[in-house]
Amino acid sequence: MNRLQVVLPGLNLKNPIIPASGCFGFGEEFAKLYDLSMLGGIMIKAATGEERYGNPTPRVAESDMGMLNAIGLQNPGVDGIIAKKLPFLSQFDTEIIANVAGSTPEEYEEVTRRISRDPVVKAIELNISCPNVKSGGLQFGTDPKMAAELTRRVKAVSEKPVYVKLSPNVTSIVEMAQAVEQAGADGLTMINTLVGMRIDVRTGQPILANRIGGLSGPAIKPVAIRMINDVAQVVSIPIIGMGGVMEVDDVLEMIYAGASAVAIGTANFVNPFICQELITALPKRMDELGIEHILDIRGKAYGATLHRA
Amino acid sequence: MNRLQVVLPGLNLKNPIIPASGCFGFGEEFAKLYDLSMLGGIMIKAATGEERYGNPTPRVAESDMGMLNAIGLQNPGVDGIIAKKLPFLSQFDTEIIANVAGSTPEEYEEVTRRISRDPVVKAIELNISCPNVKSGGLQFGTDPKMAAELTRRVKAVSEKPVYVKLSPNVTSIVEMAQAVEQAGADGLTMINTLVGMRIDVRTGQPILANRIGGLSGPAIKPVAIRMINDVAQVVSIPIIGMGGVMEVDDVLEMIYAGASAVAIGTANFVNPFICQELITALPKRMDELGIEHILDIRGKAYGATLHRA
Amino acid sequence: MIQLLTVVTRRQIASGATELVCRRPDATPIEPGRFMHLRVGPLLRRPISIANVEGDLITFLFKEIGQGTKELARLRAGDQIDALGPLGNGFPVEHVARDAKIVLVGGGIGVPPLYYTMRRLVERGIACEAILGFDTADSVFYEDEFRKLGPTTVTTIDGTAGIQGFVTAALDSNRFDTLFACGPEPMLRSIQQVPIKHKFLSIENRMGCGIGACFACVCPTPDGHYVKTCSDGPVFRAEEVIL
Amino acid sequence: MIQLLTVVTRRQIASGATELVCRRPDATPIEPGRFMHLRVGPLLRRPISIANVEGDLITFLFKEIGQGTKELARLRAGDQIDALGPLGNGFPVEHVARDAKIVLVGGGIGVPPLYYTMRRLVERGIACEAILGFDTADSVFYEDEFRKLGPTTVTTIDGTAGIQGFVTAALDSNRFDTLFACGPEPMLRSIQQVPIKHKFLSIENRMGCGIGACFACVCPTPDGHYVKTCSDGPVFRAEEVIL
């Protein structure tokens, strides 16, 4: 077995590096820069039932080692994605994970039903943690009962394994994780962005047109590590970790904390070649640290019993 | 009225700059660097019933534009503080705010009872949000009912106004704020640190001996701004804002968001003269931006009706 | 796509404005109006227009706004800059008719891309004029450089240099059939109204990726859709975008 | 308390180890064993021992560990460093008897403060010896500089230079009545056991403030209390601290 290979429900990742949803579009732009077949997988931009324009601009603000975004789930709608985006992605030898969002449980169900039937899609990422939309999004992601109910409904209609994307904006992410695990989630992805705000001191007004946005990037990494570590100890489904990963050591830190694979978001904006570079750097760094297989270190920070599946 | 002066329950601050609790000790070290009488106030290190040694070391880890600490409320105990620390602080013409912590409601009450009777202390900061201790601390700070009950009990025994220090590690900080306001809190201070973790990739083990710690510094500023903004709109008690303030524009951002004064934590470690420098820089920057009195901008980000009290 | 540029010279050209000339690893031609996404100190890159290209030299002109441009202005000869680009689509200098009557209108930090654009038009033998708007005399830059290329009018809001008022005050629309503009949004909005047949506007927008993947920089279009400033623009036909 | 130091020379002195000589704004004397808290790129300052002082020149010797020391190693002549200090309490060079028999024991990044300490002892006319422990021949630094001050023994763990083993392998405790040591915790722990009367250890600890205000750097003491590495130390009597 390839020392970077990770097998998860529905996903046979040749390595644990996956661009995060919303930070890689549908791969078209990055395909001009490098061969996407080298990626473990790709988490594509959120799909909703209808095409959405999203929020007014400015949609991005910056903070120290972090960025705030309030894109607002702009996307061509599930049918547009199936018709125009997935065919393009089908040419690459990598695992496509479809991020599903909605305003109502029915919309989540409908989007999942359609997109999970496309053979290009290998797994669903249930986005119940988007802080940038008025209805849906974060609501489902902060109430364990609602999250469990939504997971159950989506699982019932999905033809592919369902990974639930958790929000860090909660008192107990462990409770959320346990609720969706019990509701049948096949895996977890975490963390989505922290809700944040910046104000322009010249106007006294929020920089983002949406006022608030989601904080991502290195600033949130210690929060992500802590949450992955807490959740990994109590669930038995795998975790795809994310939040501020920029360097190969960050990837290792997430896996030590209990993640089985790692998604890269904001870093793609700083360095569009980052995923390629991380994949190349991993084996070298593993050699230096005496790590044979990447999953040998999974959960070691809390003393997990190790196995490579 | 001095354009920087801020009058809050129990506190007549000559300017809105206050070193944050735990980041300034009991002032002794900084008193060697500049005249503490220039400060709006001083939030002293947490007091507990008995002397506490705190956590094993390492107690500090770093992350991008943030730091994690797990000091664990080391302090000489309330009697030690009253006997050895407050007399020293009494020489300065500044407002002393005593940070109170404990493992049980009884300990909080006892510490408050004693320290609030000392004439040097002008207000109590109820620390229900320390993530670095086994019992007490964060428990009280994440459950609105427990927080309200504790606030009520402490208010009942306090001779000075009580400011409750809120934790950002909650699903709804607004709910927490409203709960403690209804329980009689005279003001709020926010935010305490976000729970975080870092792992040493050479050992696979957490860097902090306590495993987890509290994330502070510029990394958390957008989260602090957002929470202050949300809370300021729904409570009618004043807020002392904190979280990542390093520059004069950060101070203004917090006040635009709804804070009445601003506490400076981690920045004191980066630049021990920071509070002095901010106080000097404020009037100049206010001139540039056409701000007459510092409170003229309070809450402007959400369109607050303005008054200078 | 990512190049390491080496700073050759840095020069203050106006109050708070800097010219940075850098050496590229190669000398591939670049169309005017495109930009580079520069990684300085802060997390996100900063989009800066290409103000000139000569062989392997590339010039940036920029105003110090916040941390990113301040750090850029502190670079010294020999320092390196991580540059993603050139990105976006520029002004259609190769597509305008040889007898076109072109005016270039720049406002403040919108002036830089027009210098290179004008140079390239003049090289193609197309006569054109420039109108450059600034706040005040102190902030005027590159006036002489533009004059060497063709007739140039400067306007300042406070009247301390050139004509007092906004750029539109100096614009006689009857004399031109093509307009290239770059500047602040209010300026571009008023230019949208100017009765000149072909109008191309370079717009600004906060960016994430700079390559079309994140949807940060969208601009609505009259047909109810949107364009991305970074990859569809930054130059658009005036009728294409709602500002 | 905060000074801007100006880098005069930077030099690699061993694999991954750098010597940085900087100019201070003044020439006030500094006791050996104290440290400076340097602000480089990362948020928190980095404590680095003062390895030498001559007039207004100050020397740091350090190993590249993470981001902070890596950025420090990339500084060039003319660059400035924001330095808080000197901080802490150093070795009691002014208080040891003139006829004391002193051995200085340094391990790895613990070697730097001992150079300045030995220099000052020698200036006071006190004869002393040094034992310097490194991992391997590649990482040995300042051996010649120490030899110029007095008898110096080098040890390496892999035996590629000097005596093979830890510093304790080269330490004949019968010959000395005073010991000054700085190095990794395991080394200091074994030195606590060495039967030499006066033992002073400089300890390391992760720091926040560096001035005694944050309680990050505490070290337990045998009487059930604690000391702060930054302000009570970093030099302590061996009996004073539990390592």
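All chains are identified by letter, namely A, B, C and D, in their written order; residue positions are counted from 1 within each chain.
Rule of thumb we're sticking to: a contact is a pair of C-beta atoms (placed from the backbone, for glycine too) under 8 Å apart; a residue touches a chain by one contact, two chains touch by 3 or more.
Computed from a prediction, not measured in an experiment: that's the story for all the values here.
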* Structure fact -> In contact with chain A as well as chain C, sorted by label, we have none
* Asked: Where centres are the averaged C-alpha coordinates, which chain has the largest centre distance to chain A?
  -> D
* Asked: In angstrom, rounded to a whole number, how far apart do the mean CA points of chain B and chain C lie?
  -> 46
* Interchain centroid distance [CA atoms averaged], chain A/chain B, Å -> 34
* To do: Would you mind pulling out the distance in Å between where the CA atoms of chain C average out and where those of chain D do?
  => 54
* **Separation of mean Cα positions, chain D and chain A [Å, integer]** => 46
* To do: Could you check chain C for residues that touch two or more other chains and list them?
  => none
* Structure fact -> Multi-chain touching residues of chain A, meaning two or more other chains, are 64-66, 218
* Chain contact graph: line, ring, star, complete or other? -> line
* Which of the chains are touching one another, listed as pairs? -> A-B, A-C, B-D
* **chain A residues touching chain B - in the complex, by the definition given at the top** => 63-66, 68, 142, 169-172, 194-199, 201-202, 204-206, 212, 215, 218-223, 225-226, 229, 244, 249, 252-253, 256-257, 289, 297, 300-301
* Could you please specify the touching residues of chain D with respect to chain B in the complex? => 1-2, 39, 42-45, 84, 205-220, 226, 231
* To do: Can you check the complex and tell me which residues of chain A touch chain C?
  => 22-25, 28-30, 33, 45, 53-54, 57-62, 64-67, 69, 71, 74, 217-218, 266, 268-273
